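A single structure is presented below for examination.
Labels for the chains are A, B, C and D, by order of writing; each one numbers its residues from 1.
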Amino acid sequence: MSAHDKLLGLAARPKVAVHKFSSCDGCQLAFINDAVSLLELSTLVDIVHFAEAGPLDEFAEVDLAIIEGSVNTKHDIHRLEMIREKAKYVLCIGACAITGGIQALRNYQDEKGLLSWQEGVYPQRTDVIIAEDLPTAKPISAYVPVDFEIPGCPITSIQLVSAVRAILFGVEPEKNVDSVCVSCKHAGITCVMVAKGEPCLGPVTANGCEALCPSLGRGCYGCFGASKYANIKALKQQFRDMGLTEQQITHKFQFINSQDAGLQGE
Amino acid sequence: MSHYYFLPHQRIDDMLSALKSDGYKCVAPRYHDGSIGYDDLNKSSELPWGYHDAQAPGHYEVTKTEHKHAFGFTLPTTSVKPMLFKAKENVWKVARNDEGKLAFEPIVEFEKIAVFGVRPCDLRGIEIQDRVFMENSYNDVRYVKRRENQFLIAMNCTKSHSNCFCTALGDSPFADKGFDLAMTELNDEGFVVEVGSEKGRVLLDTLNLAAASGGQAQAALSRIEAAAEAQTKTLPPIKEVEAKLMANLEHPQWDDIASRCLSCGSCTQVCPTCFCHTERDEPNVLGTETNHTREWDSCFSIDHSYTHGDTYREDTKYRYRQWLTHKFSTWRDQFRTKGCVGCGRCVTWCPVKIDVVDEINAICK
Amino acid sequence: MSLDKTTKIEIPILARVEGEGALDLEITKGQITKCDVRIYEPPRYFEKFLEGRAPNEIIDAVARICGICPLAYQTAAAGAMEQVFGIEISQWAKDARLLMMLGQWIQSEYLHIHLLATPDFLGYRSGIEMAKDYPNEVLRGVRLQHLGNDIMKLFGGRSVHPNGVKLGGFWHSPKESAVKAFIPRLEAALKDAEDVIKFVSGLTFPDTTIPFTQVSLRHPTEYPVIADHIVTSDGLEFHVNDYDKHFREFHAPQSTALHSTTLDGRPILLGPLSRINLNFDRLPKHIQDMANATGVQFPSKNMFHSVIARAVGSYWALERALQLCHAYTYTDTPSAPEKVCAGDAWFAVEAPRGVQIDHFTFNAEGKATNIRISAPTSQNLPCIEANLRIALEKFGLDRPDHEIQLHAEMVIRNYDPCISCSSHFLTLNVTRK
Amino acid sequence: MLYTNDAYTPFEVEVVEFIQEHHDIFTIRLKFTDPAIDSKYFFRPGQFNMIYLYGVGEVAISIVNDRNHQPGRFEHTIQVVGRITKGMAKLKAGDKVGIRGPFGTAWPMEEAKGKDVIIVTGGLGNAPLVAATEEVLKNRKQYGKLRVLHGIRTSDLLIYEDMYTRWNNSPETKVYMATSNAEPVDNGKWTWGKGFVTNFIPELGVDYANSIVMCVGPEPMMIGVAKSFIAAGVKPENVYISLERSMKCAIGHCGHCQLGAQFVCKDGAVYPYPACEELLKVKGL
């Protein structure tokens, strides 16, 4: 499908499905927590599958499949392929679906390490787990093509509603690629790094949370993933200047969005 | 009658009531959670009595002292800009009916605001933004309305922080124009007050203030001079800076800065003169109405120079160069004035301590 | 339908629960011979990847276990770590944590009542469907849910994965004006909450009795939210440190979630019903009266009365939140100084779904070396299975599959199982022999 | 500009006709729904409008028409490139959009009088110069020879074919077209030339010393064209180009279109080449 065609053939009353893979359910709550918008939206689209809210029809043909969660098991791959096949467009929501999420910290374990985790958490019947478990937690895009993405852990209702709204208008959702610092300053928040000496990932993290952590007086920990052209090297140097150890710095970048290519750098 | 009046600390509240009865909402620097920024002011006791600040590149710290002054700090974390040119606002909205008809409606919101304690650099920032939004080929009605409904009480500096550099630009920490009233604080006493406009005179008349004594007026002046002398940063003459920056667009220093700069845009967002913004639509869920917003943008943001097929300033080095050359050079051609007022905010709030003055000196050497 | 024929019917996902799993039901000659709730949520290994992490990172991370009750995880983890390190948190921080937890209760319980549970009682497939006929009730639920979310936002900035809690207290203290602004909203909400109690008392409840041991926290003076004692319907009361002396946590073969039972293998029931049954005396008199006026006698052993327990407990939560807002003052020391040392500790809170209990072990550098996190839903799983056996046999096993499914779902939904703590959606497999 | 009380708010226009020029190029013909506004609306060749797509946003698009256009109608030819233009591609007759404008500088139609006029375009750069071409043709006697040069990558990308044929048959006018990519797609049917437009310089038969060049195309192309024509004898100040920079407000407030001290939206988009020659040499300005 050429870029030009994107959203060209969207039904007047599109069918929408909300699917979950490995996740905490928090991104779907962006719908449920803004129940007014959900109810309004349900007058414009047919929500054919949304297990957490009620409707069930997992493999129905849909215009838009909204996917939360990462792929951690063999069974997930199969299910995902079925969903993609039946969906005209796929919108991934949240860190899990886009970068693998926090559970992708397992990707740093080798085979032996993972086995020790499996045995540690599930002492009985580990074989069931091992048979199904993939060695990595990966984003949806690692297995099937994805049309649109909304970052965040969790995403916000505003992001979700405006993305769906844009799709209904037949245009792509807008991407926010600036850093958290931008909305931090817009909100008139005092920079926590400058005024409190709190290490903050804001300068390299994608905007979208309205600078939530700095507004609470603490540093950002990057739950929206990397901003475009983030200067990771310069921020790591700043953290060193502030006295953080190499391990502390590594942990900062290897957290919610550890697999995000934009967060890699010396 | 002397040119100067004297407002004792105990009578600040009278001034606030006078402003209030004129319909103004009063705003002043206030202390909250480790920093001093503008907030609503209801009574004089809410002023940051005794607070001092220390600023250095990438460093800001506030301490409480026993001194009996309200303006013992240098300048608040933010300028007056957000009160006139809002960080984000709806500029118009449009409704669409079932037939698809569009009804556009401008949104112009303003209130009467009196700003108590505007530092001279921030006053100059307002003057510069006036040229963008009010004295330009097209004007912004919102800005104009807010400006008309603003009452400015300037507060001359009696202290400078170590990032201040208004003197290096040929200015001084003294408000010479653009205010309704200007004051200078004398420790433990009150303010020497000067009138700058008819609005200011009318307000002052209602307060029936005594004239400042010669000693008080002199003390005020020497305190301002001391603040000026406390500034340590220097720059070549501004005309020279303006020419040299544009003549050195390929200077190796730009690459050096780019390796340190986070491209976070904090410097532009705290700047009292930066005016860049972006516009965006925020439709409601049902799609029946849309708000068209205007929100601060900056030349550090990726979208700023994005044009289909080419992002002209893709590298940080070009983005930083845009910021510095615009502030300190091309601004003159655009608005017949400088783009910088020397408040030092961009230096204080740069998380990685990049100092524009150092960078300019390195390039203009 | 012949009773000796084996039929295997795939009934889709169990809706309106958060999580993924399956229910295997085997009916032989009119008797349930197998009733396994299989949770196959892909394992996420929180307990493992958090080893070696700094305390505040753990607080941010555990929220991600579950988007439905992130704060319960955070509060329990922070509490456990403070115990280990001997950090004494201020009364301000204690009150703030309580207020925030109440926000979580209010949010979660009203969401469950209106969007998840009542559609079952009134015969709708979803809250969205129910909203067409009951717009006011659904909107009331939404209003209350928002109020709970907003209370969480006060301290945490957002209601899903809030960012406010830190080791020793909070990252910031909200302005007084922001907290006081909740007073009129809470006052108005009390009226709504009273209507909710009346609304749910009017529902028709199937008649079942559950024989399980009920378990809840116990607070010395009030209804339990954050407390260090556990009580059971067997008449036991003990400190949370003794959890392992009374309960057993194990990995059931059918599931990726850990299960809990009493040491001798009996299921335990956690959650709003146990809470009210075991702490009725801790409710103020006027709320006791409201509870009695519903027509349900507490303690009740009918699991379907959970929805009433939720409505009453949430009324208390609103009232308690109102008191806390009235008493609130700003502080510039929202957090006690951090320090670390080696050691281990238990800590428990009442999540909306029941007791959330953690055990943490740290080394001298303040890095976690062993983490145990027990979510209420997984502790409840054996109980859910046992309850299904009783409820379905009572309901009639010769009924058509879709009716059995509906009833099974209704039973399960009573637990408001937040299976994502370890899992996902439920497929129902019925095998008849 | 239509500037009643607020420079930021658009006016409603109706799409009278939607013409698919090419698979990703279309023309929309517009009219103001309020006749009072229409009667006030006046533009000059080379200026542009901000077109607003409901719920999505605004884009800067040149006005195709000359100043004597049919009242109550004006056109824009738009190429689908990104978010907003993709959305606009789905417009149809009867739909409403918003318009602010006109903005920017215009082609030097006065200065061109008495001179030979050379219009050089590349790709979709022909849209902003239709107006200037028509203006010359409507006031034919006031101008010298007219040469229209148009370069495209492949022949299937040609739009306005009828118009080019009409122009080619006009007095004192000649059209030159070339495809730069090796083989034209519809081999045989393509009767125009091959290679780059600057290849035509020796055969235009105009008085370069008394010619004016107006050029729109990709930036490197415009620079190349300017250099070649100057080398051929056109006075540098008689070479005009039109620049494109990101624009949000079009009124010199948003800062996006800055090029050195220039605000392309109001100091441009049409520039005499010497005014931006140096600026265009600097990478990343």
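By definition in this document, contacts are C-beta pairs under 8 Å (C-beta built on N, C-alpha and C of every residue); 3 or more make two chains touch, one makes a residue touch a chain.
Please read these numbers as outputs of a predicted model, since none were measured by experiment.
The innermost chain, defined by the distance from its C-alpha mean to the mean of all protein C-alpha atoms, is A. Here A-D and A-C were compared by C-beta pairs in contact; the pair with more is A-C. Distance from the chain A centre to the chain D centre is 43 Å, each centre being the mean of its Cα atoms. With centres defined as mean CA coordinates, chain C is found 25 Å away from chain A. Remark: chain A and chain B have CA centroids separated by 37 Å (rounded to whole angstrom).
The mean-CA centres of chain B and chain C are about 50 angstrom from one another, to the nearest whole unit.
Those residues of chain A in touch with two or more other chains are numbered 165, 169, 174, 217.
Shared interface positions of chain B, defined as residues touching 2 or more other chains, are 33, 280, 283, 287, 303, 314. Of all residues in chain C, those that touch two or more other chains are 172. Every residue of chain D that touches chain B in the complex is listed here, in rising order: 1, 3, 5-12, 33, 54-58, 81-82, 94-98, 218, 244-246, 248-249, 251-256, 258, 260-261, 263, 266, 282-285.
Of all residues in chain A, those touching chain B in their complex are 37, 40-41, 43-44, 161-162, 165, 168-169, 174, 177-179, 181-182, 184-188, 190-191, 193-196, 200, 202-204, 217, 228-231, 233-235, 237-238. Residue ranges on chain A touching chain C, taken from their complex, read 20-30, 32-33, 35-36, 38-39, 42, 47, 51-58, 72-73, 75-76, 101-103, 105-106, 117-118, 120-125, 128-129, 132-133, 137, 153-154, 156, 209, 212-213, 215-218, 221, 223, 248, 251, 255-256. Against chain A, in their complex, chain B makes its touches with residues 33-35, 37, 58-61, 77-78, 82, 87-88, 259-266, 269-270, 280, 282-287, 295-296, 298, 301-303, 314, 316, 348-352.
Of all the residues in chain A, the ones that touch chain D in their complex are 3-4, 6-8, 165-166, 169-172, 174.
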